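Structures given as structure tokens follow.
In the two complexes that follow, chain A is the common piece, with chain B as its partner first and chain C second.
This part shows the complex of A and B:
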């Protein structure tokens, strides 16, 4: 195989978009490693700091209250070595994580990675579905409102946004269930296993996301339309639609994408509630139960996945912004 | 007019590229839309006509496959079975063992196994396999661990259990879910359960912990085969969701409804609801070593201050659920209709407390020797009515001058507080039907030294002796008086306060036939279900 001379020293790697991308990727990789370590240790310390005896909590998670006794708790303490010093248990976890082993759940003894692959998959499906609904609701409505800021549509949308954002996700979920599953009977109320089960929880989360997103789209569009460059495009005779497509969409998209990245935090908060109301087996559900049951390996695993998810998401947002905005590629 | 930031320049230069991107975006959107429509159009299995499956929704997780922790789900879903079975009335009947008897000394029990029983993997059930399963079960936390078993061995087609002391309730204990019999391939070398291979009419198709369990009919079942071909269990933690699933037809057998969901579903024509009394009692546990609780008159006064009828009608919405004694009428041997019922009489309660030297302080709370009558109640939210009942107790006790702090936390705080002695009072629901014969629980809860979910610092050697006697002897002439003695002593001494008896609530569609609700919560009887033509 012949390599073109100068390929590796080529200008494209030293500077230009690929170099920017490479620098970003390296930065994020370092960040991911730090995040992993910090999350693992912090979640351990936080669980240690909680009041109550971990052996009792774990035994409670395993055997339920009909069978939980002091004897069961002592058996769990011995089995899991909970009486060892905390530093030994942290060192254990770090040692395992170095060989990519997340350990076993304290409650059911299954490998954490096994549970996570199942639950993370469900949560990603839910997040993608929510994002899809958020975009198809927020982008058209926000754009129409942004074209006429202060107009009737803008005001109605503003009111709706406040109303929907003030509505707790679980209430919205129940309203949607009542309407689509009970009244119309076209969608299943809750559960998983069939594609249609994804629609209501995604729609619930999507609406919550869309509420604020539509305002961001509206502001971005309004700002773009008011900009001199856009006015110039209109003056040179382009129709509104063409001007928006050629001179508006890309400009307006940058803040919207950046905002969506920030919204991921909201998505996690919503996921916990929405997963529980729709009996959806995702990572939010796993996280809350890991905390209740003091399942430290499971908590560390879920928190790690969420942390790495954030790093990945920030990276994706940066890459998309880079693609959208050539000024950033310098 | 200033012009041309570089970003716009770029767009202006490549309008075709931009249009192409827009087109790709539009096509993607149309594609995603089409998938959505397809998803909407195809009806999920649970809405289809001509059903051959049933879907169960209940609040409990499927954490794993170990009988010690999750056996109840596999027993209820008819995946695995025990040597001894029990009917809805609690009467023992043959399970994987067809008959059993105890030797004259009361120490050697022989359980003869059923012929021709196959596990889901084709292995044949024999005594060695059953012995291996039981030998593992007795090492796990649970009620089997406390049995006086010295050896479990195989003898031909018989499982022989050698006891170190008499224990007449052994067959009833072996009906518990922790004693499920699994195939040898269910365990790894360390005894960890790696797959759930039982002998029941349904076999496991898929387990997705903690949320669901899918089963298919097992055609090699020794008994009558199931009518439905498949069954699914969905762990649904929220009561609101379960009620909506019953209403929309997404679940067929929905267990444990909240009062609001129950009344709403009972108005619907296509959904049937049932409330069955079960041997589970909402109990207030008291630390009898606490200075304010050690006098029996004080406990009687606190009990008289509780409006049980109000709690049953207002919070549980079942007026008959108010507990007049600890054991509900469904436990016929343990419920004594002649016992004077626990009543509500706050005036008498105040008089009794005054007679003990408690006098009202500045803030209306009773004081004696400079100490306020203040207690902390521990309870937990897993059963949503418990915190509400705790709040009602707080208010009702305040009326007689007793301050009650309510601490809602994890239920493990109750046994932990029992063990370290920091507990004042605790509110929980105790299942006296864990084994078909309540003696096993009763002897543990009210026997010598009390128990995590029973009496605390109650000094009643006569009760402990009577319960041991009832535990050892199955002769009704011995058991009857012993049980009566214990039941009367509990009602008189009040080591725990019964508050309400539980109702097990279920909803199912009209078209589902053969629904039997087992008050012992051992069996959902799925194999008997069939859909109306």
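This part shows the complex of A and C:
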């Protein structure tokens, strides 16, 4: 039997880690396209549903309301092809999205992409802060509970997470705001300026994520500790801490990271809600403002950004899972 | 854990009865202002829970909100379940291109985080009960669809169904005696969770002023309105907060899967 290097056999590309990665990337690419399509179509419908003539509206945005004339509007109509049938305009609209030409805000005339680049940083900051809080709350509490399933700590934590999960994110936000900002007056209630402004929003979102995550950590740890390989590590004389670090952590981490993927939707929703409550100038805040002001290009841009962020996040989680768990590289 | 499920269902039943009887209990119109009794204490002047910052009866507004909330949750979940189960059974049974097309539609809904789709639709027609209803039903049907599709595939391929077909029993029989009993329990759980999602979403959108708008007595709107008078009347804002938490908790208990996690 001749042994050939892997890359000559060609099988690496049909199965193995690269193929799995490729399949995942393709799936997420399709998802990203679907996101763009759905958001594009809804935005288009909204543009059509707005009262008044679109050509007049755009002309007014360009030349100002006092310079608006019928001929200017007609020129806009011909230039942008607003007199063409609806299906052609839908195709055009979606085409613009695909090349990431997001247009200008209908309210202040700034390019949407310009505004987005500012907001994205803030949203990412909030999301990272939330993940940080979620992990430092969920991992220790979940591990302690998981080491003694059914114990007092586990049961108290279980009851608490049931309550926390029933609370909508914004309710938690209100409660934290009333307590820390209004009652104690130690943290700013809303806005953006220095570091402390980030604390309440990211803590709110962090607790929302931690409520579920802590249970996932607990189950993963309980399952790992009960497994034969872990019991063997203990029997050969490793201390609990060493056994957990060497044999437990990686096994327990896989379901936890996988669950973070499920929570990506919760995180994106949470960003919208929490930013709006605490007036944190990120993408979610801009989205609710755009809805309120009926600013369609801005609305489309922010929704697209959140949707694509969601896809990217899910993909990242999949890749991390693949790296952590060799069994998935089939 | 069965006790929790029963507790949840009892709580919901109680809530429904109180909501239906609402106007009889309070005797006030939720929109009627009494500017001489602003932020009145609970129990004063015949106001069961006191009044809000405009002198409107809080109990009446709370029950008005309950009516909106329960109606939306009930109708959105019912239409989502009907639609999702129907398409799921068809897709799972027929397979082939029908399955692929329905699958693609459900994937494009799932591609967006749930609330985002509702937000976008809410933007088309703001402050409208109907857009919220359509948006939430459109998000929720996917879960029903996916569960029934997978179960249908499994059940239809089972020996029991094969035997039923050999006996000459029709499709209707298979649906009634094999499919529906198979996923009935799961559907109830999905429905309870879906309803919790609707209740949360409605209040969330109301609070960040992209859902229903004042003067509608909706819980989220009420919280936003009562927030400034928190220091003078903490009981006022506590009322919608407690109602919302109670409703969502009951629904999650009724879903009866808490014991697994």
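As a working rule, the second predicted complex is superposed on the first by the 222 of 330 C-alpha atoms of A that agree within 3 Å, B and C clash if a C-alpha of one lies under 4 Å from a C-alpha of the other, contacts with A are read in each partner's own complex, and residues count from 1 in each chain.
One rule holds for everything that comes next: a contact is a pair of C-beta atoms (placed from the backbone, for glycine too) under 8 Å apart; a residue touches a chain by one contact, two chains touch by 3 or more.
Remember, it's a predicted structure, so these values are computed and weren't measured experimentally.
> Would you sort A:174 into first (chain B), second (chain C), both or neither based on which partner it touches?
Both partners.
> First (chain B), second (chain C), both or neither: which does A:246 touch?
Once the two structures are laid over each other on A, A:246 reaches chain B alone.
> Is A:277 touching anything from chain B or chain C once the two structures are fitted on A? First, second, both or neither.
Once the two structures are laid over each other on A, A:277 reaches both partners.
> More residues of chain A are touched by which partner: chain B or chain C?
Tallying touched residues of chain A, the top partner is B.
> Looking at the overlay, what does A:120 touch: chain B (first), chain C (second), both, or neither?
Neither: A:120 stays clear of chain B and chain C.
> Have a look at where A:182 lands relative to chain B and chain C in the superposition and call it first, second, both or neither.
both
> If you stack the two complexes on chain A, which partner ends up touching A:257: first (chain B), second (chain C), both, or neither?
In the superposed model, A:257 contacts neither chain B nor chain C.
> Answer with first, second, both or neither: which of chain B and chain C does A:292 touch in the superposed model?
Both chain B and chain C are touched by A:292.
> Quick one: classify A:304 as touching chain B (first), chain C (second), both or neither.
neither
> Which partner chains sit in contact with A:137 here, chain B, chain C, both or neither? Use first/second/both/neither.
neither
> Share the list of chain A residues that count as touching for chain B in one structure and for chain C in the other.
Correct list for chain A: 174, 178, 182, 276-277, 292.
> In the complex of these two chains, what residues of chain C are touching chain A?
Within the complex, chain C touches chain A at residues 107-109, 111-117, 119-126, 196, 200, 203-204, 207-210, 220, 223, 227, 230-231, 237, 241, 244-245, 248-249, 252, 258, 261.
> Contact residues on chain A for chain B in the complex?
52-53, 56-57, 59-73, 75-76, 107-110, 115, 118, 132, 136, 174, 177-178, 181-182, 185-199, 228-229, 232, 245-247, 249-251, 276-281, 285-286, 289, 292, 325-327
> In their shared complex, at which residues does chain A touch chain C?
30-32, 34-35, 37-39, 42-43, 45-46, 49, 162-163, 165-171, 174-175, 178, 182, 212, 215-216, 219, 264-266, 268-269, 272-273, 276-277, 287-288, 290-292, 294, 299, 303, 306-307, 310-311
> Can you list the residues on chain B that touch chain A in the complex?
Contacts found on chain B: 1-8, 10-12, 15, 18-19, 22, 29, 32, 36, 39-40, 42-47, 55, 57, 60-61, 63-64, 66, 68-69, 72, 141-143, 145, 178, 192, 208-212, 214, 232, 234-238, 240-241, 244-245, 247-251, 380, 382, 409-413, 415-416, 418-419, 428, 431, 434, 451-453.
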